[in-house]
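Structures are listed in the sections that come next.
Heads up, the next two complexes both have chain A, just with different partners, chain B and then chain C.
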Partner chain A sequence: MPDYGIDAAVDITSVVCPVTFVKTKVAIEELDDGQILLVRMNDGEPIQNVPRSLKDEGHEILKLIDNKDGTYNLIVRKRESGG
Partner chain B sequence: MAFSDEQLERYSRNIILKEIGVKGQKRLMDAKVLIIGAGGLGAPAALYLAAAGVGTIGVADADAVDLSNLQRQIIHATPDVGRPKVQSAREKMEAINPEITVKACHEFVNAGNIMALIEGYDFIIDGTDNFPAKFLINDACVIARKPFSHAGIIRFQGQLMTYVPGEGPCYRCVFVSPPPPDAVPTCSQAGVIGAMAGVIGSLQAMEAVKFITHAGKLLTGELLTYDALSMEFRRIKLPSRRDCAVCGAEPSIAAPFDYAAPVCEGIII
Partner chain C sequence: MAVDYSALKKGGFMRQKQKDVFSMRLKVVGGNITAGQLETISNISRKYGGGHVHLTSRQGVEIPFIKLADIDAVKAELEAGGAAVGVCGPRVRTVTACQGAEICPSGCIDTYPLAAAISERYFGKELPHKFKFGITGCRNNCLKAEENDLGVKGGLTVEWKKDNCILCGVCVKVCRESALSIADELINLDESTCNFCGRCVKSCPTDAWRGEPGYILSCGGTFGNQIAYGLEVLPIIRGGDSFFRAADAAIDFFAKYAKPGERFRPAIDRAGWDVFRNAMEEALDA
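== the complex of A and B ==
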């Protein structure tokens, strides 16, 4: 797959809202600015909310990959201004 | 330090906030806040700060819980009547959040112990009920360069101000010295509605959270007044006084001192 170098990955398929986004936030805050995170999430509520919340915080959504097993891989680049 | 799954869940509503996030939650967990007075103002402040995960919370109060306190001091319950307030408060705070450390100080705060008491804390909440204590806390915090939240409540009115060294006036800049003992109604005459303590004490907790997490703008250089009957909040801009006796250019107060203790509280907390 990767057109992108993945710097870290987090799996949020075992948790539900709001811990889905919380775990994603924890993972992305550990990265340096501009680094890339892969988030594996379930279809449904996480897909609707997690990418939107990341975008709201200024991170860049690069790609959403359908794993064809009810989960998705979201590729996101951490925003440059920190956070 | 990594968060446990339980911590992520407990603090999820904090961490989700853009202005708090993981960094802000860690700051809260590393923070030390001292609450002077476990009464009307201190009660909601202590509960909210404990719930938010402020790592170390000191609570200083010499009093025991009285039946007449329960109308507003929501950290105490009927079975606590007669028990030290700091003990009652610590139990409730630890029940809400067993992760935090509560340091109970069962002492009357005075000029002799206040410098040692505030040492090591990042932020102080003045939840006291009388003018001498308010001036004492102000002077000690200015001298020790500690930020603090001032508040006072009476009847249906409340006021609030935040002091941060070098960022606006201190309490003494605004009020100079305590009013004459007969100028303000005593506790047996004035009364206060319990929810007023909840509103203003919660605002004090909010200022502490904002200071710790660096979120938003603090209430420095301004006095916020709240009149519940007219439902009016006002923000009054206040300058520092260059001739302030404690924070001015040539301060005459070099150490905290005690004014004569009030016969009865001027402001009910």
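== the complex of A and C ==
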């Protein structure tokens, strides 16, 4: 695990699109601005879509970590809403 | 008076098994019709076609059971309702398309304007046999480009933008051709392996990939009595101007080399794929 202070984690490996993103969104909404979420996801469709969808919502993707077990940890910083 | 079935077929009225009734093919471009046209179709079907409407395998709409005596009235009502009859027989047929980049998240090219431009330029053009165009927006190939005499597939020629990249590795992961690798904080693109699918561009969370849309053409596809996939003879091409030079060359080649009643595929097979490739390359270089 790299040097990120992880504030919360969500595991979306047991669900499929579009619930993957819904679960991720709910998890990030519970954080304060600037806090960091770890999202554990499966290879395949989630990797292709979830990071991009988070970016499209204004959050900052920091890192994608290969867990070498068919899953990945995505580290994302919640956007500063600026007020 | 003798009925000119050939002229009727050319104008989109195909003879049915039943005597003096016809299935009327409508003009549809890129699989798009408006709600207003649907109303017209509905009204005409109820009035003249017994309420039947058939969706064809190539995004067409046909109203069967149109009586010979009603054809002129049906055509007039169609036109008044913003719809038009299609074509059948040895000529350029309905141009098909998926929804493309305007609507589909996977789309690499804007398919509908291209379908409209192709239809505008070639629809109904007389040729030795039928000639089908189909446009699919990306590598997912929902529209099955290679089934067509001239298939168009959207692709992206990609370029990495180092300054935007956080080396997260999503692009390396989503690349199905293993064309990308990370080493020494650089992303390496193997251009010989890239198939222009654009998944790196679509998935990148930091806009670190730029993609330039282009057309991948497949030629000589046919899925009737003979089944053969269309083949690529050119590298990915960009821009409507290049596209139409290539499309003109393909159609001219077909007109020049095919015997009457011969499809594009056997015509290329007979004339030689090298000859065809040269003709296409010359058209692009011109």
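Definition applied: the second predicted complex is superposed on the first by the 81 of 83 C-alpha atoms of A that agree within 3 Å, B and C clash if a C-alpha of one lies under 4 Å from a C-alpha of the other, contacts with A are read in each partner's own complex, and residues count from 1 in each chain.
Here is the rule we go by: contacts are C-beta pairs under 8 Å (C-beta built on N, C-alpha and C of every residue); 3 or more make two chains touch, one makes a residue touch a chain.
Here the structure is a predicted model, which is why all the values come from computation and not from measurement.
Q: With the two structures overlaid on chain A, would chain B and chain C clash, or do they fit side by side?
A: On the shared chain A, the partners fit.
Q: When the two structures are overlaid on chain A, which partner does A:L64 contact: first (chain B), second (chain C), both, or neither?
A: In the superposition, A:L64 contacts chain C only.
Q: So if I put the vertex at the Cα centre of chain A, how wide is the angle out to the Cα centres of chain B and chain C? Nearest 10 degrees is fine.
A: 70
Q: After superposition on the shared chain, which partner residues are touched by A:Y72: those of chain B (first), chain C (second), both, or neither?
A: In the superposition, A:Y72 contacts chain C only.
Q: In the superposed arrangement, which partner chain does A:P46 touch: chain B (first), chain C (second), both, or neither?
A: In the superposition, A:P46 contacts neither chain B nor chain C.
Q: After superposition on the shared chain, which partner residues are touched by A:K55: those of chain B (first), chain C (second), both, or neither?
A: A:K55 contacts chain C only, not chain B.
Q: Superposed on chain A, how close does chain B come to chain C by Cα atoms? Whole Å, please.
A: 9
Q: Write out the stretch or stretches of chain A touching chain C in their complex.
A: Touching chain C: residues 43, 47-49, 51-52, 54-55, 61-64, 66, 72, 74 of chain A.
Q: Of all residues in chain B, which touch chain A in the complex?
A: Touching chain A from chain B are residues 3, 5, 8-9, 12-13, 15-16, 18, 21-23.
Q: Which of the residues in chain C end up touching chain A in this complex?
A: Contacts found on chain C: 166, 168-170, 173-174, 199, 202-206.
Q: Across the complex, what residues on chain A touch chain B?
A: 15, 18-19, 21-23, 25-26, 29-30, 53, 56-57, 83
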